[in-house]
Each structure stands twice: as C-alpha cells, then as structure tokens.
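Shared chain: chain A. Partners: chain B in the first complex, chain C in the second.
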Partner chain A sequence: MARSGPEQANEDAWQPSRLSRLIESDGFAAAVMILPATLLLGTFFLWPFFYGVWLSMTNWDGFSQPAFIGLRNFTRLWSDRIFLGALENNVIFVFWVVILKNVLGLAVGLLLQRAGVGRAFFRASIFLPVTMSFVAVGLLWSWIYNPIFGLLNAVLDFTGMSGLKLSWLGDANVALYSVIAVDVWKWLGFHSVIYLAGLQALPTEVYDSARIDGASAWHRFRYITVPLMMPVIFINTILAFSGAFVRNFDIVYVLTKGGPNHATEVVLTDMMNRAFSDGAIGYAAAMGYVLFLIVVVLSVGLLMLMRRWRLEV
Partner chain B sequence: MAEVELRGIRKSFSGTEILHDVNVDIPDGEFVALVGPSGCGKSTLLRLLAGLDHPSGGKILIDGNVVNFLPPKRRDIAMVFQSYALYPHMTVARNMAFSLKLKGMAEDEINTRVSEAARMLDLEPLLGRKPSELSGGQRQRVAMGRAVVREPKVFLFDEPLSNLDAKLRVQMRGEIKELHRKLGTTIVYVTHDQIEALTMADRIVVMNAGRVEQIGAPLDVYDRPETTFVAGFVGSPAMNLLPGKLTAGENGTFTSDKGLSLPVGAVPSAFDGRPVICGFRPEHLVAGGTIDAAVSVSEPTGSETLILAKAKGEQITVFVRDRMDARHGERIGLSVSPEQLHFFAPDNGRRMELTADQETVARIA
Partner chain C sequence: MTATTFDEERAPRDLGKILETAGVYAALSLLALQTIYPLLWVLFGSLKTKGGMMNNIWGPPRSLELSNYSEAWRIAGMGDRILNSLTVTALALVVLVVVATPCAYALARLRFRGRAIVLAVIVGAMLVPPQVMAIPLFVVAAKLKMVNSLFGISIIYAATSLPLSVFILRSFFLTLPTELEDAARVDGASRLDILVKVMLPLARPGMALVTIFAFIEIWNDFFLAFLLLRQPAVQTIPLGLVAFFQQYDSLWNLYFAALMMTTLPVILIFVLMQRQFIAGITAGATKG
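After this line comes the complex of A and B, so read on.
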C-alpha cells in the first residue's frame, strides 16, 4: 500500500551519511587529537624499532649496502666473551642498584618525613644530584675517586684507615661497585621523593590504631608501612630495574668508558664500541635486541610476581 | 574495667590553648559521652586519654595511677576511630588478632578470643574478607571487635558513627549500648551529635571551646542546663533564648527586648529590671494562649510539626507533637508554663535561679 503524508515525509527526511556520522563522532575527534603524537611515535619509535630489527639481521657497517645474514649476529653473541662479560656486569649492576635504591630510598624518605627543622633544605639537598648532568657527576666523582689526590682516599688517610685506600676506578675488582655507588648517589633523591610522597599519603589513624594495639616503631614499619607502601615499592623497583639495564651508558662511559679491561663494561657501552669503533652496526643492533628481550621477559616476570605479592598482602 | 580521672587537664598547640582546666571523673563501668561542637577539644581530650598525645598540664589517672607519659600500649585501653582505622591489607580476622599477636599470645587463645568477639558482633561470615570488601556498618563492627578482643580496662570511641547513614547510626547506637551492657567496661564516647549522647550515655560532659560546660545525667542536663551554651546545644530543636528584662512582683513577667511578654510567676524585688536571657524549649509551647504569633515556616515531619513563628518581632521555634496544618502568615496563640522557663545571666551565660536568698542577690549585683 502506498504511503503518503507524514509517514512518507519521515522516510524522505534527510539522513546523515556514514562519512558525516564518522566525522561527528567522539572517536573521530579523539583520533584527530592524538594524530600528532601518533605520527611522532611512529616516526621516532616504531619505525626505528622495526628497522633496527631488520638491521640486526644484516652485516651493515654504516656505509655499504646492508646484506641479510639471518640470525648469524645473534648466534655469534653467545660465544662473544666481552658481550657475555658485559651482560654479567649488567646483572650485577641491576641487582645492587635495585636493592640500594629501594632500601636507601625508603630510609631517606622516612627520615625526610620526620624532619622538623631544615626540612626544605634536606629535601633540596637530597634531590640536587638528580638535577646534575652525567658529565658533571662523572667529573665530580672522578676527582673524588682519584687514587692520588681524590677526596675519598684523603678521608681514609685522615681517619686512620689508609689500609682501605684503593684505586677506585682503576682496580678491576672494585671499579664496577664504584660506578654502582655513583649511580645510586645520583638517583637516590629521585627514589626518596617518590617514597616520601607515598609515606605522606598513608593514613595517620592507622598508625594511631597500631600504637594503641601495642605496635613498636619496628612493628609499625614491618606490619603497616611496608605492606601499605607495596605499590610505591613496585614503582621504584620497576624504575630502578629498567634504569639499571638500559640507562647506565652515561654513568659508565663518563667514569670508566667500560674499563679497566672491560671490568665495568655494560651491554650499552659494548654496543657503542662495536657500532662506532668496529663498524659492526648490524652486530651492535643484535646486542640491543637481545638486551631488550631480556628486559621484557624479566620485567613481565617481575610485574607478575609483584602483582601476586600485592594481592597476598 | 577501670576508673578514669582527668584533673586540671590543659593542652596547648604552638602557644594556643586548646583545653582549659578540664576536670572529669568517670567511675568504673560508666558510659560517659563527651559532647560538643566541632573544635571544642573533645577529640583532643580523648587522644590525651589514649596516650596518643601528652597534656601540657594536669593529670590523667586510670585506676588511681597517673598515666600522663605512659605509652598507649601500657594503658590497657582500646579505641574505635571515626574512620575505623582498620588495617587495609589485613583480613578481618587478622585485624582483630593483630594486637593479641603483638602481645605474644598463643595462637589458640587468639583464635578463641577472635571467634568470641566475632560471634558477639555477628562478624563470623566476614572473617576472611578485607576492609575494602565491607560496608560502613560492617567496618564499624570490625573496629569494635578489634577493641573487644583486647579486653581492655577502658573503651574509647571517637565519633564512631559519624560516617554512617542515619538508619545505620540508629542501629549501631543500639549495638554499642548492648556491648556496654554485656561487657560493663568503662566507656568514654566522643560525639558532636547530642542525640547520640543523650540516648547512649549514663552521664554526658558538654564541652565548648576547650572547657567543660556541664556534667550530668542526660535528662538532668536536658531539664536543667547550666549555661546558655548547654541550653542551646542540648535538645533538638534548640531552646528558644530571648534577651530581655524581668519585672518583679507576685505575678512577675519577662519582657523581651522586642516587647514579647511572658508570665513568670513570683519574681523577687531584687530582680526587678534585671537584664536576663529567658529560655524555653520549643516543645513546651502549647497552643491556645496569650502569645500572639504569626507562622513564618511550617515543617511537618510526619507525626510532628516544627513551626517557626514571629511574636512581637521575636523569632521563636515551636515543636508540636502532632500533625498541624499551619500556613504562612496564619496567627496562632501560644503559651508556656512559668515552670518551663529558664533564666541565664547575660554577661556570663550562667543559669540564674529566681530566689530571694542573699547569695543569689549578691551574685547578680
């Protein structure tokens, strides 16, 4: 039956096209807004990342045309003594840095929280090294560690502990730990501030309740502070962990350049040497991707472990 | 159970005096409510009693022993906080067992006490849950359970029902009263809600600006407020307080500053022309009298009616225990019995008795 009047008018009424509905949708507006960031991400992260994967499977020297060699770069790594040593140093670096930054960071955070007089001064002082450039830090600590005129050995002399004097950056047995100490010193303020923020967000009445329940200062720390600070501990651990693996190039290069005799060599400094001194860019790229995979696997494992602990506490 | 004495308690923060010479005696097993507006110092007083802070002066005694500088854990007290202060990362059972575990109590004994307290407070199905999985009322009961398992000498409650809705508050009031009845432990209960204080406590301590205004049984304080503050604070709706003057005589009167006149009965000549503040409770005004008032606002609450009226320019509150249809502008006649009138000195707000004895005359002279 033919329709007429208002029914026909309704059917003939203008309907927006699919394209105009798309353009007017919230999703389109959001996509347009994030487009610049997406382009930047693609240009400066995604494209180099995937291009680097390709390079790691070539023998590119930076000048000639790269030739595809499959996984040969990766298989060569497992017999490369210097690379394996650098990886071992990385693991030692990560282990001590994560422990020291968290333990000392929490301790300093607790002290800063209790600080009465001079609180602003102490907070600024502890954060100052974080703002210093790696070059300045390296120069400063090179002088402190200098075996002849350095401050550290001078203090040991002054306090009658000359027997402990060492060539802090020249002795292969201690150089790595000397570099670790500098890294911890530089970043301690950063982690302390995060811990301080976490401590200040803890509910005070819970502590009052614990005092009334008979908890000593140690009990309150062990049974209240640490469990409630778990999310902050997780954050600091992840930050310290990732930093120790992939952001230690500067401090090592400025202080020791990986020496003496590769004693402080880490994967990133080895990569740089292979890429720009030896002209083996493809091989250096393979190193980078192996480090990336190790960090991803360990990070995921750490996150899963921490998630389980957080649920249990 | 224990007797608690607060003698001359003072407390200052950064030179500002918060508590001024507070004296309160709490006999063994009594339920005492500290009631007053926000900022009057009642929570501060409770914290001093708990040992979470130290008094600037005075003495706190529990069972005759001065405990001023004794740490909280050695005072044998338990406290229930306004925000419950449950350990968010522990289950209900662990929350309740925590203090006993710290004491080094045996596992069996801990389990027995926790089970008993859980049964008393209906918490057995919740023992495995964390605080975030509980409702407000359940959390409050866990906080009470955590206090009960310790079998303390004194229970301290710091506005425990403030965060609950009205219906739950009524229910929890009953549960706390029942807890006191079962355990008989001395309770010091802080609240800003005078209804809570009146319905729950054996005695109430009304505080204002760091001072104790009045101590007494709830109905005594209600029937005979000692100051204008207590008169206006205790009782809802608040007492009508009108400044004015007395006229002496066998049939003396009170005349407010705006001209509202009330019969007072016999007023001694010493009080003739004396400025006073006259108080009368809204529920003591009855319909059918010589006070000509015009209705401003009528608020029926179902079975009762609250009326704001103006009589000779004075704003007065009337509370009728009946449903009443009073429209704006309607004129109503009111009266109040002279026995229901209270008088206070305008200079210090203290209660005045209209007697002819020389002491009273000398005091007001």
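After this line comes the complex of A and C, so read on.
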C-alpha cells in the first residue's frame, strides 16, 4: 500500500502530463512552425515541378485530353530553328552579361573605393537603376533607343558622331546587344556595391608592404587584389550567371518582344509564345525543363571550374 | 640641398596623385550622370507639351504641363493599378513573414524528424527559378482558381519568395545568442512562447531585410503578373504600364508622366533607406 500510493498518483497524472509534454516537445512545436511553409512549398513548388515533368511528356493543347508522347517534345526541340536560335541568343546574352557586369562592376568598385568624399552619393546614384522595375527600365530605354526622339541618337548628334546612329532595337544585327546593354545598366550598381564591400574588407597592410617593396599599381592589382578578391568575384559571377539565364523575359518582352524576326528571342519569350499564342502547353513546358537542365549543368561546371581556380591561386 | 631634392621628387608624385583623383571623380561623375540624367530626362519629358519633345529633346521644359499627370492617371487607370499593386504586395508580404519566420526559427533551433528534408526542399526551391516552371505553375494555379485573382497571385508571390526568405531568416536566427531562450525555457516558457515573445523582437532587423527584398521583387514583378493576371481589371502597375505604352505610344508625354509616378515612390524609399539596402545586399552576398 505504501508503494502503490505514489504510483496511483502517477497514474492519474499520466495522461495530462503526456499530452502537455507532447505539446511542449520540440517535435510538436516544429511541426506547427513548419506546416504553413510546407503547404506553400508543396503546392507551388513541388506540385508544379513534378506535374510539369509529366506535362512536358504530353501533347496537351490546354483543352483536349492530354496524351503521353514520351520524349517526343524534347526531340522535336532539337530541330526547332526558332528554339535553337533562342537558345543561342540566351547563351550570348548570359556570356556578355556575366563578363560585363563583373569587369565593369569591379572597375566601378575600385573607383568608388578611391572616392573618399562623396562616396555615398556616387554609390547611391549608380545603385539607382537596381531599384527600378524591369518594366520601368525597359520602357525608359525603349525611349532612349528611339530612332527619332531617342536620347542616344541625340547624344551621338551632339558629340559629332552622327555616323554611329543606329536603329538600336530595329536592326537585327545590334538589337540583342542593345538589350544586353540595358540589362548591364540595370544591374551594374548591384555588382559594384558587392565589389566595393569586398575591396573595403581587404587588409591594408599587404598593400603598404607591397608599396614599400616597389610593386606597381598594376602588380598590386594583379597579385594582391585579384587573388584576395576571388571569393567576391566568385559570388558576383554566380549571381550574374543565374540571374541572366532566367531573368531576361521582362526586359526582352518590353524592349523588343523577341523581334525583329526573332533576333532577340530568348527561351522564355519563345516558351510563353508557344504556350499562350499557339496553345502548345506540353511543348512549352518541355522548353522550360531544357532551360533548367542547361542552367544546372552549366552551374555545376562553373562551380567546379571556380573551385579549381581558387585552388591554384 | 636635401630638402630641394626631396621636394623635386615629391612634386611630380603629388601632381600625379591630383590627376589620379581628378580622373577618379571625373569617371564617377560620368557614371552618376548616365544613371541620373535618363531619369531627369523622363521627369522633363513628363512636363512637356506633346510637341515640346520634337524641338527640345534634351533640356528642361519651357512651361510645366502638370495636366500630363492627371491625364495619364485617368487614361492609364493608375488608381486601380496602384490599388491592385498595393493589395497584392501587402497581402503577399504579410503571408510571407508570418509563414517564413516560424519555419526559419524551427530550422535554426529545433531538432525534429524531417528537418533535413524540409531544408533540402527549401534549398531546391531556391535553385529552381519559378520562370522555368511557369507553364505547370500556370496550370496548377488554374486548377486552384488562382488565375486572374489578386488573392491567388499574392499567395503565389509569398510562395516564390519563401525559400530565400527562410534562408536569410534562418542564418539571422543562428547569429542570435541562445542564453535568452535557455533562460525562458528554465522559466517554463514553451517554444511558441519563446518565438513570439523572445525571438520576434530580436529578429526584427532580419524580418525588415526580408521584407525590403521581397517588396522590391513583388512590387516590380512583371513575369508572374503577366502569367497569372490576364484581365485588365486585376492588372498591377507593371502590366498597366506596358499596356498603356503599347496602346498609346504616341502620347509620350503622358507616358513619361505615368513612368515617373510609378518609379518615383520606389526611388524615394530607396533614397530614404539606402543604408539598410546596401548593408543588406553586401551582408547577404559576402556571408553567402
């Protein structure tokens, strides 16, 4: 009896304490905390992602019953001249955008670092386009490029270089590069600010001793700044690279809609056309996954390349 | 004697330094000019008469045509567009912060089964841009009756901004000291109590950062809006601007006024908060 007393009391307290212990346990709290996020990601990331894999293997037109056709959409893409042209434009776009954003971004970062007085003002003014929407930037530049009252041709007239005047977005040979220039203009401030932060974090002692040893400005840049900045260069390259592949629809759509004659067509503009003008939903979904696979393969390649370079440096 | 040689040696170097500084400032001024002047050009243009652009492309307007703004407001239906954009952005940001913060806290502090899977899905979602799965996303949204719905696109914006926000908030929670939480636990507070009463006040800077980033992203978004809002009545500002531009491309002065009205608020917010902006970007990039 003396022993069963406390046991009896334990028995009574068992249920509520177990329940409250469950409610107070980390597992329960975690479940409550992550449930909403899981629901959102499940519905708008996992579901469309896997559903889209299936869609890309159908001939769905948006109305009739979709039929499974295996990989036929993907093989058809290989002989689709417009798609291949769009893919080529996409690669040219990414190549120039990554190079220009990094080279110019580092150059502007170095300039900003040298500016003691007024650095905040110059940094803010160069950063300004980053805060503008792609639409505002695109519409602004479609007026700057306007062959009749555009700012660019007016500048060329004013500086006596009228011979360089072009129909910037109407000429199939230059239109893609005109679009690339706008994207670089919009993002230059973003990369410059990151480069500036990287430069400001470099140790000054190394530069002082290099100067005492008589290293020239170029040598200091080549053998101190560049190696020490490799991680920042790496981040900027990855950011520019991943952005350029998939964040080009807005700017191309607003400036040229992919024209003239597909000269500025990129994969996303082609994809949206096929889906919503031609109703080729399955085919368009396949385009998205081809783009995704290319981004994955190139990103992994870039990562490996970067790692090797960093090891050598 | 020694003093003069010293000076002679020094003088050209000083001159070189002055020239270098002058060069730096000249280059920076040109850079500032090529971002600020186009915006001034839009401001000037928005105040000119319709014929004023032809004979005065460059300069400030000779007289102020303020009526351009009211005219643009009316023709472009700016009132409705702004209301749509405000509704969508506000709703999306509230959902985003309410959903992302507890998730980030749980991932940073709690040990639970399935934690690795949740983290993997979040990192995966960060690596798969929504653009490449736009077509299936549209079909899923259509199944859920979320096409042409301001509520629907708000939820989808919250979902697409979620992975990066959780990631940023999680690394923010990881930098906070655990002592306060431990003390609260000794006092018998539950995990939810701790999150709401102890961590939320501390996490405010991280939440502000996430909100600012998501605000710019959602307020400026064209792609998902173009995909999911296909009726004029639900269009947001970026869609309305493009539609206005394509419909009335000869009314360039009204069009500049509309561009100014939509760009200026974001620029003002940036100018007021530029310190936080730039600190956030550089912290995000150099830590990541």
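The rule we apply is simple: the second predicted complex is superposed on the first by the 275 of 313 C-alpha atoms of A that agree within 3 Å, B and C clash if a C-alpha of one lies under 4 Å from a C-alpha of the other, contacts with A are read in each partner's own complex, and residues count from 1 in each chain.
The working rule: a contact is a pair of C-beta atoms (placed from the backbone, for glycine too) under 8 Å apart; a residue touches a chain by one contact, two chains touch by 3 or more.
Computed from a predicted model, the values in this text were never measured in an experiment.
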| item | value |
| --- | --- |
| Three-chain arrangement built on chain A, chain B and chain C clash or fit | fit |
| First, second, both or neither for A:Met272, with chain B first and chain C second | second |
| Touching partner for A:Val206 - first (chain B), second (chain C), both, neither | first |
| Partner chain(s) touched by A:His219 [first = chain B, second = chain C, both, neither] | first |
| Touching partner for A:Phe95 - first (chain B), second (chain C), both, neither | neither |
| Contacts of A:Phe68 with chain B and chain C, given as first, second, both or neither | neither |
| Comparing the two partners chain B and chain C, which touches a greater set of residues in chain A | C |
| Chain B versus chain C as contact partner of A:Trp309, first or second or both or neither | neither |
| Chain B versus chain C as contact partner of A:Gly27, first or second or both or neither | second |
| Which of chain B and chain C A:Thr131 touches, first, second, both or neither | second |
| Smallest distance from any CA atom of chain C to any CA atom of chain B, in Å, after fitting | 5 |
| Interface residues, chain A side, partner chain C - complex | 23-24, 26-27, 29-34, 36-38, 40-41, 43-49, 51-52, 55, 108, 111-112, 114-115, 118, 120-129, 131-136, 139-140, 142-144, 149, 151, 154, 158, 185, 189-190, 193-194, 196-198, 201, 232, 235-236, 239, 242, 245-247, 249-250, 253-254, 268, 271-272, 275, 281, 284-285, 288-289, 291-292, 295-296 |
| Touch list for chain A against partner chain B, complex | 203, 205-206, 208-215, 219, 223-224, 227-228, 230, 313 |
| Residues of chain C touching chain A in the complex | 20-21, 24-25, 27-28, 31-32, 34-36, 38-39, 41-42, 45, 53-54, 57-58, 98-100, 102-103, 105-107, 110-113, 115, 118, 121-122, 124-125, 127-129, 131-140, 144, 155-156, 158-160, 162-163, 166, 190-192, 195, 216, 219-223, 226-227, 238, 241-242, 245, 252, 255-256, 259, 262-263, 266-267, 269-271, 274, 277-278, 281-282, 285-286, 288 |
| Complex contact set, residues of chain B against chain A | 47, 50-52, 71-73, 77-79, 81-83, 85-89, 98-99, 102-103, 146, 150 |
